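Okay, so subunit A shows up in both of these, paired with subunit B first and subunit C after.
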Partner chain A sequence: MVGVKNKNTSIKDVVNKIGLPTIIIGGFWILLLIAGGFLGISIKTLISDTIKRAGMNGILVLAMVPSIQSGTGPNFALPVGIVCGLFAEVCAIEFGFTGWAWLFYSIVFAIPLAVIVGYLYGKLLNAVKGSEMTIATYTGFSIVAFMCLPWLMIPFKSKNMGWFIGKGLRETIQLDAIGGAQILSDFLKFSLFEDGAFITMGGEGGIIIPTGMLLVFFLCCFIVWLYFRSKSGIAISAGGINPKFAQSSGINIDRCRIKANILSTVMGAIGIIIYSQGYGYTQLYTAPLMMAFPAVAAVLIGGATASRAKVSHVIIGVVIYQGLFTTALPVANQLFEGTDLSEILRMVIQNGIILYALTQVEGGDK
Partner chain B sequence: MSDNLLSLKNVSKEYSGNRVLKDINIELKKGEIHALIGENGAGKSTLMNILFGMPVIHTTGGFEGSIEIEGKEANIKSPHDAMSYGIGMVHQEFMLIPGFTITENIKLNREITKPNLVSSIFGKRLETLDVKKMNEDARKALDILDMDIDEFLPVAGLPVGHMQFIEIAREIDKTGIKILVFDEPTAVLTEAEAKNLLNAIKKLSQQGIGIIFISHRLDEIIDVADRVTVLRDGEHIVTKDVKDTNKYEIAQLMVGRKVNLDSREGTNKNVVDETILRIKDFFVAMPGENVKGVDLEVKKGEIVGIGGLAGQGKLGLANGLMGIYPAKGEVEFNGEKLPLNNPKAAIKSGLAFVSEDRKGIGLLLDESIENNIVFSAMQINEDFLTHLGPIKIKNSSKIREHANKMIKDLDIRCTSSMQKVGRLSGGNQQKVCLARALTLNPTLLLVSEPTRGIDIGAKKLVLDLLKHLNNEYGMTIIMTSSELAELRSICDRIVIICEGKVEGVLPPDAPDAEFGLMMSGSRHTEGSEE
Partner chain C sequence: MNNTNITERLKTTKASTWVADNIVSLIFVAFTLFGFLVSDGVTMNFFLTELSSRFFRNAFLVLSLVIPVVAGLGLNFGIVVGAMAGQIAIAIIRFFELGGVMGLFLTMALAFPIAALFGYFTGVLYNKTRGQEMIASLIVGYFANGLYQFLFLFVVGVIIKVPSNHPMIKPDGVGVRMTVDLVPVKDGGLKYALDKIWEIPFMWAILLIFACILLLQIWKIYKNKKNPTLYRYNKTMVLINIILSIVMIGISIHAITTNSSLMMVRKVPVVTGLFIVALCIFNELILKTKLGQDFRSVGQSQHIAEVSGIDVDKTRIIATIMSTVLASWGQIMYLQNMGTLNTYGAHTQIGMFSVASLLVGGASTQKAGVKHAIIGTLLFNSMFIMSPEIGLSLFGNALLGEYFRTFMVYGVIGLALGLHVWRANKNSEITLD
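Up next is the complex of A and B:
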């Protein structure tokens, strides 16, 4: 680039590097935090909630990276992976696992299931090249609707998840009952700045750090980062940027796309298990219906586009996005009592950012 | 009123500083057939775009010079203006609606209508079509062209030749048509159809319509045209009466000898009498560059040039060998049968390809130079990888080392090996493509249009590099190029492809006229006349 004036270009470069939407929304979050401070809301609590929610959603957002890199766009069919994870969770409960064993077996059951389902989903995407995002959205909706039947009809006997009267699984399963709630979040949990002390292990005040959950999230981030530096990962990225280039280098693009979507589906499945334990509840039926959208929005806010995404985008994005909403709710409630403004704001930003990113794709294709 | 129907006076055109037309003067008389000939990129299309007031001209700063129609200055700002001045064009690709009948296509948007009850209330747009009158008009136009097909048939399913005629019928049905431009009208026609068409063109000219006839086929020009204008590199070379010239002279004028990139020096070459590549009955389905049955043998250690006009199939050959476009036929490489339609196998067997589509197929523009250089070698040969159990991770330090060596060897001008390829100039991008191909350690290098879109200095570097690879390492090279001059400067022999087949093989020092005739495919009709 030609530098007209050094100072101008440096500001421009910084903006270009981080991305305008990221800066605007990040700035808005900080503004809300400050406003919250003036309104007498505990900033420590706000930050604690932000970290907790970011940890819960992190892997779901990370699931966007492989699918975006492979050229199939953000994985709007994230619910496909999510229902695999949910199914694994209820199986683990049915088999009577509790506590750590429940978490472990949930993940163990989820992975092979998600691999099979992800493979089929990848096949589907290869059959509909050019309109992946639309197909993905409706695949996600369909699978959630379809799974409502098995949730009702599955002959599981565990009292922890059945309706009190009648058959089928409950809409919301309390994980307290099986010792699964916050099991990972509470592992090595500590808090910062509690009553003047810098670190308090297992503290409940100050800024709470759910160590176990964050470690798992960062481990997943590392695995994805490493994978995209491997031969197979590089092939997937190249196929996503320029299919013709990859093809002329002898890469089987269809196989790359399937691999990427298997990875994305598996991460969706693991992601929902981590999410459930952090939340304390497993939600079935239509709960996963809209779960893809916050994850898509988060990675896009982090600076990804619909055709390029990095692990750093995931981390930045999930913190800003979740931070914005944990902060906006109490602040908006203080300012405009009795309204549902924060939810409206959430929808505006979430859908606005997706729309913005999708228009950018069209521009980039020229 | 002068007897000139159309005169272009000192017409020049620049595309962002690049002069593509210089002082073109063309006069077209009433009833004259004026042929326009030139190689690809000589400026024919630009000239026609100016004549039709195409938006591409006016959005890039207009043109210099003036256009006069019947002695009066014409101000053509849009295709619509051109139409109202009575200029019509028969397009190369058919602009017809398949589901409509011939009449409907001819009369599209100029339908004859009669009022009805609804239209008297809602206006002219809803008037009934006067099908009978329209059919009569269409019939008249078709009769001029000696077409005895029924005007009420749908266009879909008609032979290609007929479609071309319907397109012409549409133009002559327009009232007040004075000038008609034919842009390579016979390119897709069979011989008999072409003959019919040429007769029709003659007939039209007898009715006083001025005709501009663009074609590569010299025989046709000699056959129908009254005068011929030769363009070369945007310059008006000459306008001659056809009866004063012959096709050899036209061919020579068309090719000309351009910038003489220092011709091949002494042949201290090590061409071994061993065939490395044998192609038999080779077909490639590459849109716009179809190969239709090529037989070719390449000896170890030689540089073979593939030349020919655009659209004749020269580019399809290399793309077909690499499995980028569907191909069939028999290919034997290094004594083994080369599996077709399988890029991986092609690369594995020792072929490497530098694509003509540098930005499309050749490079990952958003990636660094080093990633571009090692990509294929990493994927195919598993070079530059560290094994971590079952996972193969890229070895960044080895990659950097190799990339820096390539940057030095090929003199790639960049800030570092981390720079994005998209930021490099065309010539340096081309070198990155070459570096990627060389990293594969190929036995045979296929290079397509290596100098397209790069400046003259970089051109020489790229060509010197190819020559160097050939001389020093004995690498066999097949170079495809539209620029005859560069083929002649480095190749041992030049294969001319015409209509998807090998038209002939020439030594680089063959006379211009030979090349011109072969490229326009006019040689086989005359046998071996020299």
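Up next is the complex of A and C:
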């Protein structure tokens, strides 16, 4: 059937399949890349940065898939998972782990914590059916604001994290000091097209591929993809598509939604650890406050809607979203010196796409 | 299944209803009282001065949220868009160096069409995101902020040429400065343009307000005596109000005659107060008009309203426009009191703080009135004043109090919304049984 259809694909079918927003924003990115090329900005650097930032943000965006599939909408409460991850990172530093051990133990600490918190969060979402998105946003905000108190009050001893004077943790913790910066990104790092050579291991020029980070991202993608093909994953999707029907076929919707949100919270926790090591800094206090919105926007740009999302949407979305803004910054600076156009562009596109997705939400009958 | 079970459940909810309904307000009252207990640095004078200036700054903005709630749009975080309209008007007036009282009214007149246009667009958006208005209103604020920055950082200077030596424009001639001084009103600016028209001592204002409340209560009783079926009132509430007013009148007369330290509290801007009172009355009166009734019926059930011949979409857009215009005026009143325009920051928190204030007053996504807005503004700002003090006296760290304050703002919105939805869902479950 599909084969027959594909023979007469018109442009309209292609547009429908990929999604109009994806095409427009993707096209805009490519336009900016070409403009950047003409302005003499190194395309290789732009692409390296895009890959790096896509890898850093990838798992955070991936966290949107389970929650969207389960019918609770994009996970605007991503900061809930993020603070779990941050707390695990900080604990791992406090216990004196460095390098790979730090990364490993951060993830090990983060997962059980995120499972517990995700379970409670799932319970909350089941209690507020119908207004999940608004409540989730404020749950995320509240938890970030709340965690400011522990960051300041818990008596951590490690010298790598505290202020030089006074109590509490620093706002940004340099991971250099514990050998955690880019530890995963630099693993098996290689670069393409450096000085005529095709592949240079550990190269610093050309298009840099942070192999370790990408491997982890793709591994997570694969796990989520696989999970949504298992019985439990299909039950979650079914509950998201039609709750009444799923209920009558014997699926416990509430449990499915909890499971999905646990998965999403765990992804958020792991995501921020990968993000931190790629960035080289752990940012505490109010830094995670707005982190959910770029992730939501990325998955939507990839072609997801507020009720359906696939792993492919995540990969396409995160590359286009991060690519657009890594490219826009130098290009806008060259064209209009002294203005901060790329930040403005980011605000308009990021929130515009979320608004667009909200207008497509069904069930808004009179 | 069995009826006794259901009635039992209903009973238990009824007994705890009052506390449950007002849990958010109660938390805030307790918090403020606790603040007075633990911190010795706060004098009554300082507290009242802060509270009254904050009240007159914010009340108008909080009141602008009432109409959308009545019309079933929920809490309109989109008043941020209105605030932006107000700031655009202020920027224009400031650029041409118009000022004084007339300048202020000109600002308001100028803000009206801008805000109405913005309100129309937001209203259309809310109609397209039916059922998700609140999250849409939050995001539309962020979205509009991007456009606003584009206007102030780029269009001003690159597309509209402006002289770079203007005190408002950045030295390189592109974009508006981060902070713009609004110039005191006596130098022909907008600062205190409304507040300074007429000020009276704080205790006189208290005396006046509670005298009015007393008269209102007496009028209620009189009307009830004349026609008991048409004009009803809650006896205990009226009694409490009367006692409270008499006590407050007594205190204020005592303070005025003995010239006690309470007379040192900063003077109260009468005209700003009158604006707030006028908006209160407007919010109440509009419900008695045809339009107000339409708001109500749309708020209760869009379907039934549609069937009974009300243009639901149009009504919702009108409600949004009203809210946006009022918010733009509220922001102008806020800024003339602040005296500086924080170009890129003044509007960002407005939506959050105003919504939190309204919720603290006991409002919900479906029920809000003037009473909630006024009580909420007072309680919310009390918390705001006390938080750093509590942090300082309990933990020796004012920063902690400030973090706690931020948590309270977000937490109270989350809690109030969550509790409301949770209870609504529970009720519908009971009826389904």
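By definition in this document, the second predicted complex is superposed on the first by the 352 of 366 C-alpha atoms of A that agree within 3 Å, B and C clash if a C-alpha of one lies under 4 Å from a C-alpha of the other, contacts with A are read in each partner's own complex, and residues count from 1 in each chain.
Note that contacts are C-beta pairs under 8 Å (C-beta built on N, C-alpha and C of every residue); 3 or more make two chains touch, one makes a residue touch a chain.
What you see is a predicted model, and the numbers here were worked out from it, not measured in a lab.
Superposition note: with subunit A as the common reference, subunit B and subunit C can be accommodated side by side.
Taking the C-alpha centre of subunit A as the vertex, the lines to the centres of subunit B and subunit C open to an angle of 70 degrees, rounded to the nearest 10. By the touch criterion stated above, A:L219 is placed in contact with neither subunit B nor subunit C. By the document's definition of touching, of the two partners only subunit B reaches A:A235; subunit C does not.
Contact with subunit B, but none with subunit C, is seen for A:F245 once the two complexes are overlaid on the shared chain. Within the superposed three-chain model, A:T359 lies in touch with subunit C and out of touch with subunit B [touch as defined at top]. Which of subunit B and subunit C touches more residues of subunit A is settled by the count: it is C.
For the pair subunit B and subunit C, the least inter-chain C-alpha distance in the overlaid model is 7 Å.
Residues 322, 324, 342-348, 353, 355, 357, 360-367, 371, 375-376, 378-380, 382, 385, 391-394, 423 of subunit B are the ones touching subunit A in the complex.
If you check the complex, the residues on subunit C that touch subunit A are 125, 128-132, 134-136, 138-140, 142-143, 145-147, 149-150, 153-154, 158, 172, 174-175, 302-303, 306, 312, 395, 397, 399-400, 403-404, 406-407, 409-411, 413-414, 417-418, 421-422, 425. Remark: subunit A residues 76, 124, 127-131, 133-135, 137-139, 141-142, 144-146, 148-149, 152-153, 167, 285-286, 293, 336, 338-341, 343-348, 350-352, 354-355, 358-359, 361, 363-366 touch subunit C in the complex. Subunit A meets subunit B in the complex at residues 1, 226-227, 229-232, 234-235, 238, 241-242, 244-245, 247-252, 308.
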